[in-house]
Amino acid sequence: MTLEVESRKETLAEDGLPVEELVVNVGPSHPSTHGVCRVIVHLDGEIVTRAEPVIGYLHRGIEKMCENRTYLQVVPLTDRLDYVGSMYANWAYCRAVERLAGIRVPERAEYLRVIVCEMQRIASHMMSLGSAAADTGAATMFIYAFDERETIVELFEDLCGARLTYNYVRPGGVSFDIPEGWTDRLLEFCRTHRVALREMDKLWFGNVIARGRMKGIGVLAADDAVAWGASGPVARGSGVNWDLRKHDPYSVYPRFDFDIPTGSAGDVYDRARVRLYECYESCRIIEQAVAQMPGGPIKAEGLQRLIAPRPGDAYDHIESARGSLGVYIVSEGGPRPHRVKFRSPAFCNLALLPLIAEGHMLSDLVVCLGSLDPVFGEVDR
Amino acid sequence: MALVNEPRHDEIGAPDRTPIAVPVTVGVTDDFPGGIAGFVARWRSLFTGLRITGGRALGPSKTLRYPAEKYEVSQRWRGALRLQGVLGKNEIPLLREPSPTYNAKIEELYRTDRLAPCMGNCPANVDARGQNYFMAEDRSVEAYELVRDRNILPGVLGRICHHPCETACRRNFYDEPVAIRPLHRIAYEAYTDQAPEIVPFERTSDKRIAIIGAGPSALAAAYDLMKLGYGVTAFEKEEKPGGALYSGVPSYRLPREVLHGEIDNIVALGLDLRCGVEVGPDVPIEHLLGEYDAVLIAVGLQQSRILPIPGNDSEGVRGALEFLRAANWRGEAGVKGKRVFVIGGGNVAVDVARCALRVGATEVRLACLEGDDEMPCHPWELEEGLDEGMIAMCSLGPEEVLAEDGVVVGMRMRECLAVFDETGRFSPKFGENLTDVPTDIVVFSIGQAPMLAGVVAGSDLHLTERGLLPVDGTVFTTDHPGVFACGEVVTGPGSCIGSISTGHEAAISIHRYLHDESLREGRVARPVPTYARYAVADVDGVEESRRRVEMPMARGEDRAHDFRQVELGLTHLEALQEAARCLRCQSEVCVGCTFCARTCPDYAIQVERVDDPGGRAVTRYDLDLTKCCFCGLCAEQCPTDALRHTGQYELSFYHRDLAQFDIDEMLRDGDGTRATGRDGEHGHKVGETQ
Amino acid sequence: MSGLLGGIVFGLVGGVAIALSTMVGVYGERKIAAKIQRRFGPQETGPYGLLQLPADTLKMILKEDITPRQADARIFKIAPYFVFVPIAMGLVVIPVAAGWAALDSSIGILFFLAVPSLSVLGILIAGWSSGNTYATIGGMRGAAQMISYELPRTLSVLAVVILAGSLRPVDVVQAWRWWWIPLNFIGIVVYYISSIAELNRGPFDIPESESELVAGYFADYAGIRWGIFMMSEYGGMLAASLFGAAIFLGTLTWLPGPFGIITFLLGTGVIGSSMIWVKWTFPRMRPDQLMTTAWKVLTPLALVQLVIVGVVVPWL
Amino acid sequence: MNITELRDHLCEQHPDLCPLFSIEFGDGVLSVSCDKLYEAASGLRDLGFDRLGMATAVDRGETFEVVYRLTSRSMSVGIFLKCHVPRDAPKTNSLFPLWPAALWQEREIFDMFGIDFEGHPDMRRILLPDDWVGHPLRRDYTDDRMIRRPDYI
């Protein structure tokens, strides 16, 4: 692909008349950009000749803000990174802080973290599948997916009092233990969710029109996926077998039996269906985690409220719904981090948009964008 | 221990983060079949979709019907912040201006059963929070009396206690614990300065109790019993009272005048103290049993244990207690110019080592089985000892005392690999390496044993094979009715404050025994308090006024050669400031510590308080709800549990000012809030402010 | 003179009917969509939310009529009527009782197929005059789509015309026999699909495709002008349903005499509801897939239907 | 593969890089000088580090520390590649030719720190508007709109 910046170009058609390339500005305020993304689309008829994402509309300078805050005050900020999957940013950040400060997390807290993050994965994938469906006009599929998400969000609300920005995972543990009867509701959800997933599979992935919209669109080769740093369902849809839960196992994940769905074609269809199948696996993990969960404290004992780790830097990453979410913290001593860097999977995945959207039609552009599942809180930080 | 020093902690279940061999994968690609079947499948997929949506249309709705089936907010819903309205609505102005009755209100709250962490972690439940409150108000005498109620010897414990209260102090979470122990000492000093007249306890009962021993536990029991109106007589073997405090604790830590001053105070309260009377030889215990209504054995441990290793009968092998007695009482232990080798890693061993330095030893080594990070002595003691020139040799077990012609010339030590087995039981594993250390004196400080044979001679009290007295650990009875025991004779070597707590318990038992009440009702065996050792707080950048007052210490090389006090003590003003640092945990009253404001990620909370140590009062507490992100960090940080989230809340206001909550609003009780306007009165109020 | 008067009266009645049918259509669509999505739909305004639509209409009328600065104002303002009027005109030839139509024309079927198609002009100028890239693309797509789907639609109707031997809708209704349904099955399917496509409704709503072109050719319209586009859509839906129920299903003759109107209205309702059901079930097609469907699937199918009918008719 | 195995492997394959390798906080770190950065990076890529996970920079006062985190799928191990660029002449080689993933991440570093990457095909601002003045993640960056929060702690 070409990378030099071009403005509108005027060419001469065969009959000698000047022809102006049609440039469409998709976004920043547009129903299908999943946030505030602007894509400058150069069209030849309906064919996209070049799509250039312009990001930064939601840039809040979170990394700069972190420099002025204590370690604990950063936790609510991480909620606002990936607002569809707040738990992941919470957890990744807390893992990095724990590594830096040498905090040992109680086992029950680790299980709770795994449970909430797998729930979050389902919730996030439901959001992704639903909105990707809505991109193609299937509003009902969107609502069905959001129904599933709603159940999880309600469970989260009972767990920690918030529906979107949970602030649940804290350095050293989690903020609340599970309330009474919560696990029963969770297991009941896992049961009904599988039924709903099968229904969605038929309604959406089995549908001839949906397949027509997704098959062969936005094909990403496995080599490209690796080289461009794609991760999560985007990479796995291309057949790249890479899941940090298996390949760089963290927390208590080695204790669970689960599979990694991978696609082969690397098109939008495979990426989306990987997400669907991951929901099944998340249900499996949740059920195992609930069965295995030990008692005990949910927060490390004797934890300093004012965390002031020794100088040094720590990187930790977890597999979020969008891919490997890394947090890099540099401490120079003192109660405030010197630098916090969030390696957001959505940012790296979005860089692939020009690659996969080129040559497709304008209608496919939004489908390609939706299949990358960007959350702009995380892209722009 | 919750914190580990290694920067990279081991993951639970995945210590080395090695990948799992071959991940199983599930293929997701799917396609229609070709040909006619594909044509049929394509059309069928359309009807499948219509069937699913149609089926759902016929099913029940998932949405709730409003308002009949209104969604109920969860218990943990993060709503508006409220300060606990413990003081009540009418008392709101008290929070704003320093008021003489404000602290009295809080004092009242202290009397309830809300134990602060410092009280809970103290074996004797000394009211450190109350002490801090009185000290901050400069009411030292009251502070002293409050502490003495449970602590018996505040001046003594203020110097030698291992302060589990400070370990538990909530302030540890934020910066550094309040200096509770030094404040005991200040309270005592202020008390002696003011020297109020001591009114003896009124004798209300004609029952008499004999206590054998005059150590901390005996004094604690005596104090409680005198307070209950009994006549108490204490029999002390030595010439001076104090027990282990007198014979064992070196005077650089505990000046003798403080000890005796404290005991004199207790004597002045009505204790009949008879020194130089040894029960057994002088007064048979049978005589006491006949004379008194109850007898309490609190003789403590008098005998050092010596390891059964070759050469332990050589000249120059000493026991720790004998050594300490000699050093403490005579100021001379026969080690001048000699090399001393102390075996043991406990506090007594460190005391021995430090005393040895003071009585003129040229080189003092201390050897223990444990590694340097798991020595049983308190880390600060070890540190002070090291400052003074002591040499610590860790992970070494005694193998043999090397002697020539029956005189010690050295010590052979064997490398110790591990002290505890996997289950945490004491079972040392030794390696092959041997170390020979030349020395002149070997002091065994590996534990002590009681000497009870003489005490119980002639009574029907039985001793076990190891010479111990069988005692119930909950109610402190022996197998002879009317005879009780407390202190280290029951618990084994332990802390001073732990002994005192057993004295209090034994006093309760004796009281109930004399009134023929059930001894056990409502009592449980007191667990030995365990506590996490907090990491040293990194206080870089913490402003000076928030930091703990540093205890001035004599310089290591200065103090190492005489018995003057090491800790020099705080000034009066420092003590007041330090007491004001107390967070008054669990009082559920905002004390203006500003931790909520410090931790708020949105800086939505503004707290101002009177910066006067005595009249602590919150003058301003503003919450800007337009900034609040409902993260809940503030409520979690609140040390007094004064801040909480409530369910009654809505972010809809008729006026922008209403989103600024001030103290009045923050303290408002009940269901109706200004924000919701849920009840008529407050709804009306919204209208009024327009 | 009476003709003019009749025209005016009919115009008023027809206009009200279209407005009412729009309301019923929108209400029905919202309720059905809500049921499919397990919601309630409108329920707060009036009993069962019935007053929601009058309220919405009122709101739409009262809203400011905005003309974008870069738009070609005159054409922009007039474009909605170019869409609405042809569709309304199409209604006049539909028989509403056995043997009676408002305009009993001998070329009624041709009229019904030809005149509403003129709304493509309105869509084109609406898209073009908005001066907005999205609207332009939407207008172009709409034009291409509507013209393409004319063909299979016309061909599918032609089969019925051959069977009935007349272009007069009233005659077709009277000639209708029950076995036309199995015989004409492919034609019915083709008519149904191409009608939906002709109306730019999902899954063929690519000219307005909300998630790509925001709202396509009427992206820049507001207030009542936007409402007229909505009315055209629902009016078109009404017309297509009525026409299908009358010509293809012959519902007017299912019950004797004037009672036929009951089955007729029921049939219309079923067809309209099924259109809503389809829209809320399927995703949108891509423009090229849409064209493929029109030219490579529906047109051949319609031709097959013609051949079948052509073979059968001589044997009758 | 754990860190020590990685070190052995690295020392075997690239003896010149071996002395630059260290282990900090349990992670392998390869600190190189910036003119050797590209060389070291291509060496690591040949060694099997096929993913560029993260690229960022840290303001270290006199210098900016450019940090790349590379991951190897085959070895399941990560490594940091660090180099210091001087603050007054922030310039280094782009790793875009090795890993296209650096395209946006290096743009972000340029945006936030003003470090110029030679060989990068599209060195523009990415998150901030093109007319933004200054590079915000530098510690000395100030702005009229920046609010200094109350210095509580």
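To keep things simple, chains are lettered A, B, C and D as they appear, and every chain counts its residues starting from 1.
Note that contacts are C-beta pairs under 8 Å (C-beta built on N, C-alpha and C of every residue); 3 or more make two chains touch, one makes a residue touch a chain.
The structure presented is a predicted model; accordingly, all values stated were derived computationally and were not measured.
Greatest centre-to-centre distance from subunit C is found for B, with centres as Cα means. Chain A has the C-alpha centroid lying closest to the overall centroid of all protein C-alpha atoms shown.
The chain pair with the larger count of C-beta pairs in contact, out of B-C and A-C, is A-C.
Each chain gets a centre from the mean of its Cα atoms; for subunit C and subunit D, those two points are 61 Å apart.
We define each chain's centre as the mean of its Cα atoms; on that basis subunit B and subunit C are separated by 82 Å. Distance from the subunit A centre to the subunit C centre is 42 Å, each centre being the mean of its Cα atoms. Inter-chain centre distance (subunit A to subunit B, centres taken as mean C-alpha positions): 46 Å. Under the contact definition stated at the top, the residues of subunit D that touch 2 or more other chains are 25-26, 76, 149, 153. Residues of subunit B in contact with two or more other chains: 7-8, 17-19, 46, 49, 52-53, 56, 62, 541-542, 598. Shared contact sites, meaning residues of subunit A that touch two or more other chains, fall at 69-70, 99-100, 140, 144, 147, 203, 207, 209, 247-248, 306, 312, 314, 335. Put simply, subunit B touches subunit C in their complex at residues 46, 49-50, 52-54, 56-63, 65. Those residues of subunit A whose C-beta lies close enough to touch subunit C in the complex are 22-25, 30-32, 46, 133-141, 143-144, 147, 203, 207, 209-210, 212-213, 361-366.
Every residue of subunit B that touches subunit A in the complex is listed here, in rising order: 1-9, 11-14, 17-20, 23-32, 41-43, 45-46, 48-49, 52-53, 56, 62, 73-78, 172-175, 532-535, 537-542, 595, 598-602, 629-633, 636-637, 645. Contact residues of subunit A toward subunit D in the complex are 3-5, 55-56, 59, 61, 63-64, 67-70, 99-100, 224, 226-229, 240, 242, 247-248, 306, 312-315, 317, 324, 326, 328, 330, 335, 338-339, 341, 343, 347-348, 350-351, 380-381. Of all the residues in subunit D, the ones that touch subunit A in their complex are 24-27, 50-54, 56, 58-59, 67, 69, 73, 76, 78, 80, 99-101, 103-105, 108, 112, 121-122, 124, 126-129, 136-137, 139, 148-149, 153.
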